[in-house]
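A, B and C label the chains in the order they appear, each numbered from 1.
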Amino acid sequence: MTAGGPPASAGATTPARPGRPAGRLTRLTLVILEQSRRLTGPVAGVAAAVVLVLILQGNGFASTLVEDALVYAIAAMALDFMAGYAGMVSLAQAGFLGVGAYAVAIAENHFLSPWAAVGIALAVVLGAGLALGIVAVRTKGVSFVIITLALGQVLYGLAFQWTGLSEGDNGITVASLPAIGSFDLSNPLTLRMTVLAVFAVTALLLVLFTRSPFGLSLRGIRSNEQRLAALGYRTSLHRYLAWVIAVFFAGVAGILYVFVQGLITPTTMAFSANGFLVVMVVLGGLGSIWGPAIGALVIVLFQQEASTYVTRWQTLMGLTLIAVVLFSPGGFWGLVRAAGRRRDALITRLRGGPAGENGPATTAGQASGAGQAGGPLALETAHPGTEPRQTP
Amino acid sequence: MQEFIAQTLNGLTLAGVIFLVSSGFTLVFGIMRVTNLAHGAVYLLGGYIGYSVIQSTNNFFLGLAVAALAMGALGLGLERTLITWLRRSEMAELLATLGLIYVIDDVALAIWGGNPLTVNLPGFLGKSSTLPVSGIVYPNGRIFILGVSVVVAVALYYLLRRTRVGAIVRAGVDDREMVGALGVNVRLANTLVFTLGALLAGFAGVLGGTVLGLYTGGDSDMLLFALAVVIVGGLGSFEGAILGSLLIGLVVDYGTAYFAAFAYSVLFIPVIVVLLVKPQGLLGRQGV
Amino acid sequence: MTAEPAAPQTKPADTPPALAADHLWRRFRGVTAVADVSLRIPLGARFGIIGPNGAGKTTLFNLLSGELRPSSGRVALFGQDITGLRPYRRAALGLGRTFQITRVFGDLTVLENLTLALHGLNRSKLSLLRPWRRYPDAMAEAAELAASFGLAGRLGTRASELSHGEIRELEVLLALALKPRVLLLDEPAAGLSPAERVDILNLLRSLPAELTLIMIEHDIDLLRGAVDSAAVLHLGALVVEGTMREIQQDDRVRELYLGQAAPDPRPGGPGQEGAGT
């Protein structure tokens, strides 16, 4: 990869603006842009990690906020895996978060140790995902949204009405947190760092999944499921697996949730909570994994700031969602990608037009290519891992 | 036995309200392929508006009328703006209606607060009568709801089966592109159906407000019922909405009465059965 | 002692046909789309399915490839009954197909399109942890496939941005990537410019001889160049089946196509444009 100065290839010494020599400013800009293409991703990632760790060390409002956001981010990123890649937009994700949380709480209520509770919760979430997935996956597109909405409401109904088990509206408090030796989640700092660690592992796993052949198959499903089936793919199985993965991580988020909050109530699983997760994903950027994490931070921030500054934040959020759907369906990450594309175009122009070489291979986590609307869902997404567009 | 009959009547009453809500939802989906998740919120908002009108004027029927018209107007406005702008994508439209739910809910919360309210049935409707045959004493308001639902169902049936507009709507449900190609004013039909759906939802909101009450989350509850109806009855099928409403209304009512812990879950049973056996709904078509 | 192998006698009774349809019927709510169609297509055949619009050709294809279940009748692939199998199973047994309307994966790049196809019959398609770019064999094969049809420079381009002809080529490539034994092509030349049609014809001619090809087409020229025998469908039923020459001289076929362009009666001569509506 060339560093500094325009390449020596023919014609490249003539910049896109004829009549003007390639000035120092142009060369400097070119260097900056090209380096930014390589470095922005890793640098932003490291910076974010450092900031997160620093905030979480603290004890005040910011650390609580980030902690809550990270928990929701886990569920939101997992939802994106299903929705942004396979096109399965689920309005039951908070329901599964609740299942995980309630499983822990109910287990502890029945005098099980915290670790046993965690184990049971994971099993319950997995079981629920496997069982309910059989029904959910029989529908696609809009019908899938509807059936998951109903499912989410039914789960909420269980939490609300099965008072013998869930204590209904009062919810269940969870007092004892897991501990091994000196590693004790009752220590707030330890808990926060654990949440961060689980978040990081989840994010990396999900990103890895999206880059695997399975992840590609999900994008194929979203793009043209029938065609994929003719290529030998048992698409219903793929969708089923995507569902199980997504709801499993929601359950993991739920387990963390109840340890962080110390309490689980049906409200956590109400329709609006399910909707919030979808909003996080859409605002953050469908099909980007990282975007929804940012979306989670924004929504949680609004939620907690509600009482002080913006009482009617839900109206604001609703309007924002509508605006995003109308004007920028790729969400925040879509804007990032669009900026990346413009930067690439600028680089190509500064290099001297179409004779310039191909774009470099995808940088870590950030490709300059953007996924476009496809299939019946036709909502723009921003997929990492796409080859950068070749200028014709 | 009398208890059971009363319970059944309750279920039918609920079915009536659910029918008013779900018929609009299913027709809108059928002709426009629009999944209006905010339909439940429209129901609730209509109920709140009716409540306020009735509180200030003590005129129940005026409340009904204002609620229906106000929600009809809202529906009209939405269809002309948001829905039209997002015709390109079903999913985009659905997400926009999700955003709408938050807006409407929040506005309602701001105006009417978070405490549950009940719509008062003044005068004759507030009393009870003794029913023939069984000798049960039953609230007039509920009988009224039952009666109104049947009347509306018959009227809608007549509208769909016997009028030109209805034929257009039915044809549109069957084959949207064809109808458009025939030069029929599909846009007008769309607007009419959407407005009518919202009007019915608002109307139902006042009725529901009498027996179910108006409360935060009431929109999601009603949306759940409506969705269960269209899953079971088939998206886009009017007759399916009738059949589904009866089934879901009765199931939910019996469920709440006899299996309190599982009232919502019980309604999932017909949903699951239908999804496993005939995913397009009992009266639905393939590929909907 | 040289033992000369006897020339293989492919009597229909000995080796099963590559693809066989037995009295296929398909009805939709009162409309009969396919009526009692039976076909026996031998290994290595170049077979065409022609007929006016609405004749049921694509429905027949859907029955053969599994997108639709027949109301009655059977489909067999190399003697194996596949009537109850869904498309992904048939693909694994060697049946490939291209689609007329639902084309390639538009929002994915050419490389991603090919990668999907190449993993289609592999367990690797369910693999979660290894990036798909780290399968060197698949990547190399994708590059080869693309190069063989002149798409090497387009690997990074989104499929929706390809030209019509390139999309059509990609469509065929996707099907070929699975190394099918029988390939169903649904109107491969529809909507292409004359130059692109020549390309497609050359592409079809270059396909291996062991591959059995069944093609729906309107373009008579293309059919003459690519296909040895054909079946003519009308209103879902088989009208006539035979070599291209026999078909072109058949009276019933002439009648059928009258009003649209009639098939050129002169064998090998310049043909009129087929009924490509």
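Brief remarks on what is shown
One rule holds in what follows: contacts are C-beta pairs under 8 Å (C-beta built on N, C-alpha and C of every residue); 3 or more make two chains touch, one makes a residue touch a chain.
Keep in mind it's a predicted model, so treat the numbers as computed, not measured.
Ranking every chain by how far its Cα centroid lies from the centroid of chain C, the top place goes to B.
A comparison of C-alpha centroids places A closest to the centre of the full protein. Note: centroid distance chain A to chain B, computed from Cα atoms, is 34 Å. Centres computed as Cα averages put chain B at a distance of 49 Å from chain C. Inter-chain centre distance (chain A to chain C, centres taken as mean C-alpha positions): 41 Å. Counting partners per residue, chain A has 373 as the residues that reach two or more other chains. Across the interface of their complex, chain A is touched by residues 33, 35, 37, 82, 85-86, 88-92, 94-96, 98-103, 105-107, 110, 217, 220-221, 223-224, 227-228, 230-231, 235, 260-265, 267-268, 271-272, 275-276, 279 of chain B. Note for the complex: chain A touches chain C at residues 208-209, 211-217, 219-220, 223-224, 226-235, 238, 241, 358-359, 369, 371-375, 385-390.
Those residues of chain C that touch chain A in the complex are listed here as 65, 67, 86-88, 91-92, 96-97, 99, 102-109, 111-112, 115-117, 119-121, 124-133, 135, 153-158, 160, 174-175, 177-178.
By the touch rule above, chain A contacts chain B in their complex via residues 89, 135, 138-139, 141-143, 145-147, 149-151, 153-154, 156-158, 160-165, 270-272, 275, 278-279, 282, 311-312, 314-315, 317-322, 325-326, 329, 373, 376-379.
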